[in-house]
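Across the two complexes that follow, chain A remains constant while its partner is chain B and subsequently chain C.
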Partner chain A sequence: MKQSVFEEIRIRWVILRANALFSLRESLAYSLNNWGGLASTVVYMLTYLVFLSAIFGKVKSVAGYNYSEILLFTLVTQFNFYLSWIWSIKNLDRLGEDVKSGKLDLILTKPLPALWYVTFQKVDLFMLVFEMWPATIPLIYLLLKNATFQIGFRGLILGILSFVVGHIAIHCFQFLLALVTFWTGEYRGLNGLGYQIAIFGDSLPLEAYPKALMSMGFTAVPFLIHSGLTTSLLLGKTTDIRWLFLATGVMLAFLFIKNKVWSLALRQYSSASS
Partner chain B sequence: MEKIINVKDLTKVYEVPIKQGFWKSIFVSKNKELVAVNKVGFGIEVGESVALLGPNGAGKTTTLKMLTGLLYPTSGDIEVLGYTPTDRKREFLSQIALVMGNKTGLSWDLSARQSFTLFKTIYQIPENIFEKRLTELTELLDATEYLDTPVRKLSLGQRLKMELVGAILHRPSLLFLDEPTIGLDVVSKRKIRNFLRYLHREEKTTIILTSHEMADIEMVSDRVIVINNGQIVFDNSLEKLLHNYQDKKYLTVTFTKPVAIDKLSKLGNIIDSKELTATLEIPREKQGKVMARLTEKFPVDDIDVRSIPLDEIMEDLFAKTR
Partner chain C sequence: MRFSAYKDSLIFGLTQVTNYRSEVWLTIVNKFVYLSGTIFLWSIIGKSVNGIAGVTSLISYFLIANGVQGLVDAESLRFSRAINNEVKLGGLSAHLLRPVNPVIFIYSSFLGTRGVVTIMTLILIVVGFAFLPSVIPLQILLFILSLFLAFIVGFVINLFVGSLSFWTPEASHLQNVFSHIVRVFSGVLIPVSFFSGGVKTLLLFSPFPALAYLPSMVMQSKTVSVEMLTIFLSAIFWSALLLPLSFWFWRKGLKRYEAIGI
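What follows is the complex of A and B.
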């Protein structure tokens, strides 16, 4: 009963769709939580935009980025933030909780590619539609109003690739931290650390980091790819494509390590009884 | 008969951290080995209904989890449906189901029907078959009316019925149950036991069950594997186990007026007595004689004859093999 690759992809796609619908229904079960979440992200966005306009009222540029370029960088970091919450962070928390409580048993005994399933168990469409877009509208408005740059076709393609590659790489890094729970039964602190490391790269543009940090941020702890390199490529500040090759290599290495450590983690799983 | 499960020299050793001081535990943590399952071996045939019994910590749940591929054995061989469980092949997982009385596989915030829709996708059950099966199972369990209620609003018994329905929607050939009636009321327990019996008899599902409820075992299982201290101490039919303990009988006698207990004690060992009732433990071969003496010498209203309860058999077996 060996399935073809296409059949395997089809099954995964169908389950992914079902999971997304399932997650949407779960989100809709708590409407007040949803409105609260939307309000808090809108308030954060407005506060940050006020902060940016205050800073750029005093200085012309930060790390070589003017106001409109910083707005673009902020938009990329916001997309990363939401994308992380839409599929990565919530799944890592759920994995930690499921390992701790032994609920992972009920996933591991289903005919599913378990690693893939725990990675995409929750796909929060509600956040994508009702939080991400409304909260970023003020930012997009300001960006369109103040844009002083142009994005070329090459920059756009390289930027999108870097965004995807960086997002996967940092997710794998966070996933590896979350896997420690199989050995220790604890996950909250490490998941929090993974999250903080990921957004560390969202605080300043790529060019602001010292060389040593940049080396680390492109390899062992890949926090500079998803936002830093992406914006730099979009704006044409980085033109050397080798950075993207390096990022892709790092992503592939992390995917490989994620698979290997997952297998080790399953061997370590103690399946808490109650 | 074809063997569905083959287990040989199965051993599971856990590493348990030894309690030390804070700094020691960080830098030089020490573990001790805890043997949960020790060189266990058994085979289970297609269509059998087997109970794994044992006191808490005996190793029965660990054995069950190794059979489902959740835990990796330290040593030994397991073959279930022709597969090594820890390989987690889709073909293997499509044929088994696991129900745990203390864990829920259903989404807390959604209705059971919504969770079942996801299971339908996972198990690739065609829509028409899914609907038919869902109707059939919920009717059997009297659970149709709360199919659309959010799981968090269901009682424990209702939720467990839904867990069962969800687990067997895909018609598994092998069903693992870990304490399926834990915490349930009498009515729910009976309903679930009857349902499991139905699955075993009508759908020919092979059932492996762990439970502390002897009534679960009596109603659902034909064969009993008793595990104590990680080793099998009994593996045979339930009848054989009961037969081994049939040298005693219990007579619960109801009198029409109070009787002298010292006179009654001459007929057997009194294990319980109240104003108008008494329970006597007697050797099986003396049953007829004692009953005749009772009706002859005492104002007897009724006599109830019982064999030794399964609970007591287990207690005795655990004590002997401690």
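What follows is the complex of A and C.
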């Protein structure tokens, strides 16, 4: 009997909740490691703020963004960075390891939607609560202290939509790179490259990129949506809503490709196993 | 006997890494993407700053700085991670039974795994040199000296951070902490000259600029400035002080390892 849509959603929700709770228990078991993680992220944030203040000690603006606007851009990139580590990157590494070790068999034999399961195998709520917020406090403080811009309601809604759309699109791109593991058997280099490409647009705002790079960053390698377009929409520097439509189209295309290539990869996996 | 043991360890490390050729190529592409991003960032900043050198000079600076930092392993402090693994997984016990110096033995094996990275970083440095309009022999001499100092400072930081594993086996995050600090204050992400006032003075007297800023700066200037001289003297001071101190710290940790068998 075919499952109803509601039943499918319910199953996915149960998987998501179970994986998140298990990940939380896993994180709490290594408390010393968590404090180390917090120290690392706080130091990273502080050193990055030192980097920004050194640059803005010499220049008034970068690509048309003043200090406070760059702080907002940094906040968006930081949210994206943490969210990626909370649910995406660790799962890509785990998928690579499972393919290499053959542990993926155990997942595939379970009566579960396998793609959903491997996408959300680890959801690190501990990082969300105890690393993301404490580490971004210095940035938020500086942002509030130096804010010279206003965010309108339209900009806020468009910005949030762009963030979500861009985040999913770049995850799919990274996932596609990770799937190459099914053919090569190695995942570290691929995931490292995927990560490096994903954060390529996190050091400069959207307006800094030449047209050719911008076209690429909005389509084939969607690294400019989650941070660049989001901040530009939030600040009202980009008002044309068609950019968001394009981004949404790209996200849907990547979701479709992710599903198709996953099926191909599984076929390769089973034929290689036999 | 000892030398051949270190040589075998080095060759073993090199064999391990060359088994994964696709990984090696991907690492190279990864580094290329990272460097493109850094150079692009600075080409945009360079347009807004008066008195900053041209784009070719910036490219040269960042290629040499990144190359040197990678060459002396001050980028991700991978040697400290290798020590951490040896301590955590107990591999160190086997080295302690052998008639070799465990630090040099682990370092030899680690150097082997760095074979491809070493070649890549050397290429970065050579390409960085190619972007320079001209080079005089004094610059080459000072570069070799600064590279030697960078190597010692890099080794010392790695040994210090790696030795922390004797106290906390979950030291990987501490390695990240030091890695972030080194990245910003060594000049690989931002030239030290961008800092101003007390922060800059403090940095000039610290060991960090020796890791990337100094070797890159000596190639950019044909004269020895006060700033350069300060970093040179600081680097010599820190190397002389920290090298014996780092080995003392290692031995102190080792006693703890032998006593409780972490």
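Following the convention adopted for this analysis, the second predicted complex is superposed on the first by the 268 of 274 C-alpha atoms of A that agree within 3 Å, B and C clash if a C-alpha of one lies under 4 Å from a C-alpha of the other, contacts with A are read in each partner's own complex, and residues count from 1 in each chain.
Operating definition for what follows: a contact is a pair of C-beta atoms (placed from the backbone, for glycine too) under 8 Å apart; a residue touches a chain by one contact, two chains touch by 3 or more.
Worth saying up front: this structure is predicted, and the values here are computed from it rather than measured.
Visitor: In the superposed arrangement, which partner chain does A:Ile11 touch: chain B (first), chain C (second), both, or neither?
Guide: Only chain B; A:Ile11 stays clear of chain C.
Visitor: Check whether A:Leu204 is in contact with chain B, with chain C, with both or with neither, and answer first, second, both or neither.
Guide: It touches chain C, and chain B stays clear.
Visitor: Give one of first, second, both or neither to describe whether A:Leu193 is in contact with chain B, with chain C, with both, or with none.
Guide: In the superposition, A:Leu193 touches chain C alone.
Visitor: Should A:Lys58 be classified as contacting the first partner (chain B), the second (chain C), both, or neither?
Guide: The answer is second: A:Lys58 touches chain C but not chain B.
Visitor: Kindly classify A:Ala114 by the partners it touches after superposition: chain B alone (first), chain C alone (second), both, or neither?
Guide: Only chain B is touched by A:Ala114; chain C is not.
Visitor: So, A:Glu26: does it touch chain B (first), chain C (second), both, or neither?
Guide: The first partner, chain B, only.
Visitor: Please indicate which partner A:Ser40 is in contact with in the superposed arrangement: first for chain B, second for chain C, both, or neither.
Guide: A:Ser40 sits against chain C, while chain B stays out of touch.
Visitor: Where on chain A do the contacts with chain B and the contacts with chain C coincide?
Guide: Shared contact residues on chain A (touching chain B in one complex, chain C in the other): 30.
Visitor: For the complex, give me every residue of chain A touching chain C.
Guide: 30, 32-33, 35-37, 39-40, 43-44, 47-48, 50-51, 54-55, 57-63, 184, 186, 188-190, 192-193, 196-197, 200, 203-204, 208
Visitor: Name, in rising order, each residue of chain B that touches chain A in their complex.
Guide: Answer in residue numbers: 14, 61, 65, 68-72, 86, 88, 90-91, 93-94, 96-98, 100, 102-105, 107, 109-110, 114-115, 117-118, 121-124, 150.
Visitor: If you look only at chain C, which of its residues touch chain A in the complex?
Guide: Chain C reaches chain A through residues 20, 22-27, 29-30, 33-34, 36-38, 40-41, 44-45, 48-49, 168, 170-174, 176-177, 180-181, 183-185, 189-190, 194-196, 199.
Visitor: Which residues, counting only chain A, touch chain B once they are in their complex?
Guide: Going through chain A, the ones touching chain B are 1, 3, 11, 14-15, 18-19, 22, 25-26, 29-30, 101-103, 105-106, 108-112, 114, 266-267, 269-271, 273-274.
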